[in-house]
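Read through the structure below, which is laid out as structure tokens, and then see the notes.
Lettered A, B, C and D in written order, each chain numbered from 1.
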Amino acid sequence: MASQKPSAAGGLEYRPVLDQVARAVRDVLGGGRVPDQIPAIADADPRAFGLAIATVEGDVHGVGEWRRRFSIQSISKVFTLALVIEKDGEALWARVGREPSGTPFNSLVQLEYEHGIPRNPFINAGALVVTDRLLTLTGDAYGAVERFLRAECACPEIASDHVVASSEAGHGHRNAALAHFLASYGHLENPVGRVLDHYVRHCAIAMSCAELALAGGFLARHGVRRDGSRLLSRSDAKRINAIMLTCGTYDAAGEFAYRVGVPAKSGVAGGILAIIPGRCSLCVWSPGLDDKGNSIAGIAALDTFTSLTGWSVF
Amino acid sequence: MASQKPSAAGGLEYRPVLDQVARAVRDVLGGGRVPDQIPAIADADPRAFGLAIATVEGDVHGVGEWRRRFSIQSISKVFTLALVIEKDGEALWARVGREPSGTPFNSLVQLEYEHGIPRNPFINAGALVVTDRLLTLTGDAYGAVERFLRAECACPEIASDHVVASSEAGHGHRNAALAHFLASYGHLENPVGRVLDHYVRHCAIAMSCAELALAGGFLARHGVRRDGSRLLSRSDAKRINAIMLTCGTYDAAGEFAYRVGVPAKSGVAGGILAIIPGRCSLCVWSPGLDDKGNSIAGIAALDTFTSLTGWSVF
Amino acid sequence: MASQKPSAAGGLEYRPVLDQVARAVRDVLGGGRVPDQIPAIADADPRAFGLAIATVEGDVHGVGEWRRRFSIQSISKVFTLALVIEKDGEALWARVGREPSGTPFNSLVQLEYEHGIPRNPFINAGALVVTDRLLTLTGDAYGAVERFLRAECACPEIASDHVVASSEAGHGHRNAALAHFLASYGHLENPVGRVLDHYVRHCAIAMSCAELALAGGFLARHGVRRDGSRLLSRSDAKRINAIMLTCGTYDAAGEFAYRVGVPAKSGVAGGILAIIPGRCSLCVWSPGLDDKGNSIAGIAALDTFTSLTGWSVF
Amino acid sequence: MASQKPSAAGGLEYRPVLDQVARAVRDVLGGGRVPDQIPAIADADPRAFGLAIATVEGDVHGVGEWRRRFSIQSISKVFTLALVIEKDGEALWARVGREPSGTPFNSLVQLEYEHGIPRNPFINAGALVVTDRLLTLTGDAYGAVERFLRAECACPEIASDHVVASSEAGHGHRNAALAHFLASYGHLENPVGRVLDHYVRHCAIAMSCAELALAGGFLARHGVRRDGSRLLSRSDAKRINAIMLTCGTYDAAGEFAYRVGVPAKSGVAGGILAIIPGRCSLCVWSPGLDDKGNSIAGIAALDTFTSLTGWSVF
């Protein structure tokens, strides 16, 4: 375990808490399933684990492999959503809903029943619409995300992993099906291939727990970026947190809210970004997933952390 | 507008806030649809409106028809759930899920796809299972709820409205279908007719905004009842709040979390009970419903209230 | 094997064909599952087998236990449907569709998606609507069916088995759910309990293969009853055959049409009534069911019979 | 009206029957909707109408625009299916079901619920699997269909319409979604783009009613081609007829069987190929479609024809 600064933001001593969390998850490490649909990440070590906390003041504390990079995957959807809302306000909600989906993240069923309007921006269909919109608004959706992440982490090396991106591009038939399905309703503004390309690349960005915790800091700071400038209004930041709580962990969002009680977004490579508004942002990573697609050790770590600190939104 | 006590709990002056809320909802009063499936409440005045706040200290403030009684309907599900968790702990979750449903509150579809396990305790199927369990645990589910509500409001007159209860019993074919469907999976412990009887009666309890706000106070006080005794552990109280946020307003829970950002439970007669943990519980009532079954003026009032106060869980 | 008359209707020698069929099914006897949802028929011998043919001239031939009575169950839906069409013509089709269901026979899902209009008159929901209509038209749906069956078989003892009927009435939560669900749409003309009572009783009628083959003769004779009087127009008889072919064997109608190629209606006690228009009606019985709910030996017998005779509608 | 030969096959005088049919459909011509999803056929005249009959002896009779070519679209699925069964026997059925779908022809819902196994070979997903298999078996699925059709019609000019094919290729996002979805389950043997290319081209083949009636003759002749050689066993020919009856007219197959009572396959450009086993094959064409996607005048014509002749399989 290590801390960039020996301080204790918010009156909490992070070191002993992080140590306790690391001990608590030891038993569940190695469990679960490492997904095989993306060849380049299928060989991750299921016993790997890292956790980092970034306080609203900008301090970062971590335990385990908190500086090792992994594929952020669906966690990138938080950033594309924030950038579209920053540039476009409420207009997005004519094309995407805000309700939990009740079905797996890449299901086509609900999309058909609801005539091509994805239930929320965090299921794959909804995230494709968000990327499509960001493409229209910026001309370079991937580039916009990359620039934002580099700035928030003060790390100019952050980039998409080409091997992961091309292995996804070659195997992503489900996402291609979703994109063509959206296009069949006339719900994409850009060509299917272009939307998929940007989507795959921002999902394949490699970051560490420390970097993701820093990048999510604007949601803990009610919309304010690392440099003090405002990305989102207080109200819009609160709203993205609300969507993370109700929709951020696939079809287990209710369970996650029940057990952990804070906004969070998970990714298929085992990362989870969680927000404790006004206090801190956390990122935990461990590749073994439960059957809903969320990191088993990641959820256990966040559960332990919120139990120890008593921090919950409820 | 009126207040039982001229104090300002939590540093907030409630009077001007309540006045502003009442002015803000004036435009939407009379809109929406008064549901006709329960004859005895089909003739409610769509322009009626009331709002009450109960602080964690026990003060009550109100505006509009905050002392007029209405049928609490599905808001009763919060109390049956709390009583079952108090008596039975986690055992309930083997029979009911905790995920948002993604379908209307009285749908049989998801129940069939998920083999008779209701998605959550607030859709009708789940609430029937909760009532069934409370029946087994107490021998008198309705009586247990009535006793609890009377104590929390210090009002021994609170009771089920016989006219509403019998009009529901006669017209509740959808609930009867759900109960028989659950029984077909062997998922009810008591006879279908008995479960339906207790369910219909606790839904038909008549209470005012003031009384419901008081009755929900234990969720604002992290599990502690009006008399200082503990009903639920802090953790269990937090968890019921989480379920209210993700599942409390039918298929609009995501939208409600996005706009209002606090745990809430709505009822078909136009009431909504909302919790601001650590601060207060609110109850708003207005009979005109949107197409998801939630009170239009009720949501608008809570939206205005949280905007004015900045109180949200996110 | 036995024949009531030594003739060979239609130029076919039935005896050797029946013998061959009986030999062919020997291997599959005892396979499958005897359903346990109706206690009184759960103890049927899975190795039992009977087959009877009634020619359009009225001759009956049989093999195996062709004179032993069993519970006709869903085969009764053919007779309620014919009686309603006789009395009411096309009016029924405003309340029931004519499309294969694509889901199990007692599913509530499609009923909800299609707003209380059952897909066809042979799934349970549709059959409940047919029974409801027959009740309205005759005042005694069960009695009308019983009278018709007694006349066609010239057997005044045919009746409902009280033990089967009451065991179904006590366990039929799924049918009660369907009936209440229909009632919730206002789609039943009679009280739920009354419709269920008549439905359960006509399903519990006990008949032998010989009797059922005779009773189905009007469909082989293009609408003409045993006594030469016309029950249905040629066109209506053809249409009931069409519904049997597309919907008569639950979610396996396509498979049955593919393998056997004649109109048929199966029942959960292992009976199948099949029609070869212009030639004969057959009834086969064996209690072991496949996972779609059709008699395994029954289908094998009909498959063998149509292969040997070359008789198919295609 | 015209006849290629003045004979009257099967004892029926076709001329007066065809004239009567043409008169009977006059009232419904111009009704319905000409689909706009394929730009090149969206401007068809909704009042156009043609009907041709090919007797099993090879005579052809027609009325209206029976020699005008139109896009055969989904009718091509009958020929790809027959060619795969000819070459591969029963193996196909491990990858495609034989049940009516109960949902629109291009739905992804059922495909997801059934894990990538299309319900039948006539919905688009199933037809893509058939084309994929024909590609594997022949190396040139389109060419195999074209060769077969040219031979059966003795018309070497039959070919795909390039304008229709490329307008479909550019707009066929729904089919692309289906193909990628199948590929996501590993259920395609060839690359998605190649399968779609052959599929689109065989759907875009242009033929007249006379030519399609001739091409379907092998199903009326129990598997025997125009030149007397056998394409399919009698049993396999019967089975394709069964699939046409239960699945050939999208989600209206039950209704079509009820009203018309013969195997048929419809296409989105308004054609319907119908088979009367042992007698004749018919093709009718009129572009105005009902809301299930079947030609309104086409169904009316077949309904009238079977009523006048009494020819039905039931």
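Brief remarks follow.
The criterion applied here is as follows: contacts are C-beta pairs under 8 Å (C-beta built on N, C-alpha and C of every residue); 3 or more make two chains touch, one makes a residue touch a chain.
If you're wondering where the values come from, they're calculated on a predicted model, not measured in any experiment.
Path length between chain A and chain C in the chain contact graph, taken as the least number of steps between touching chains: 2.
Although chain C and chain D carry the same sequence, what matters here is overlap: shared residue numbers make up over half of all numbers found at their interface. Averaging Cα coordinates per chain places chain B and chain C 48 Å apart. With centres defined as mean CA coordinates, chain D is found 32 Å away from chain C.
Distance between chain centres (mean CA atoms), chain B to chain D: 56 Å. Of all residues in chain A, none touches two or more other chains. Contact topology of the protein chains: cyclic, one closed ring where each chain has exactly two touching partners.
Put simply, chain A touches chain B in their complex at residues 97-103, 110, 119-120, 234-235, 237-239, 241-243, 245-247, 251-255, 257-259, 261, 263, 277, 307, 310, 312-314. In the complex of the two chains, the chain A residues touching chain D come out as 107-109, 111-113, 173-174, 176-181, 183-184, 192.
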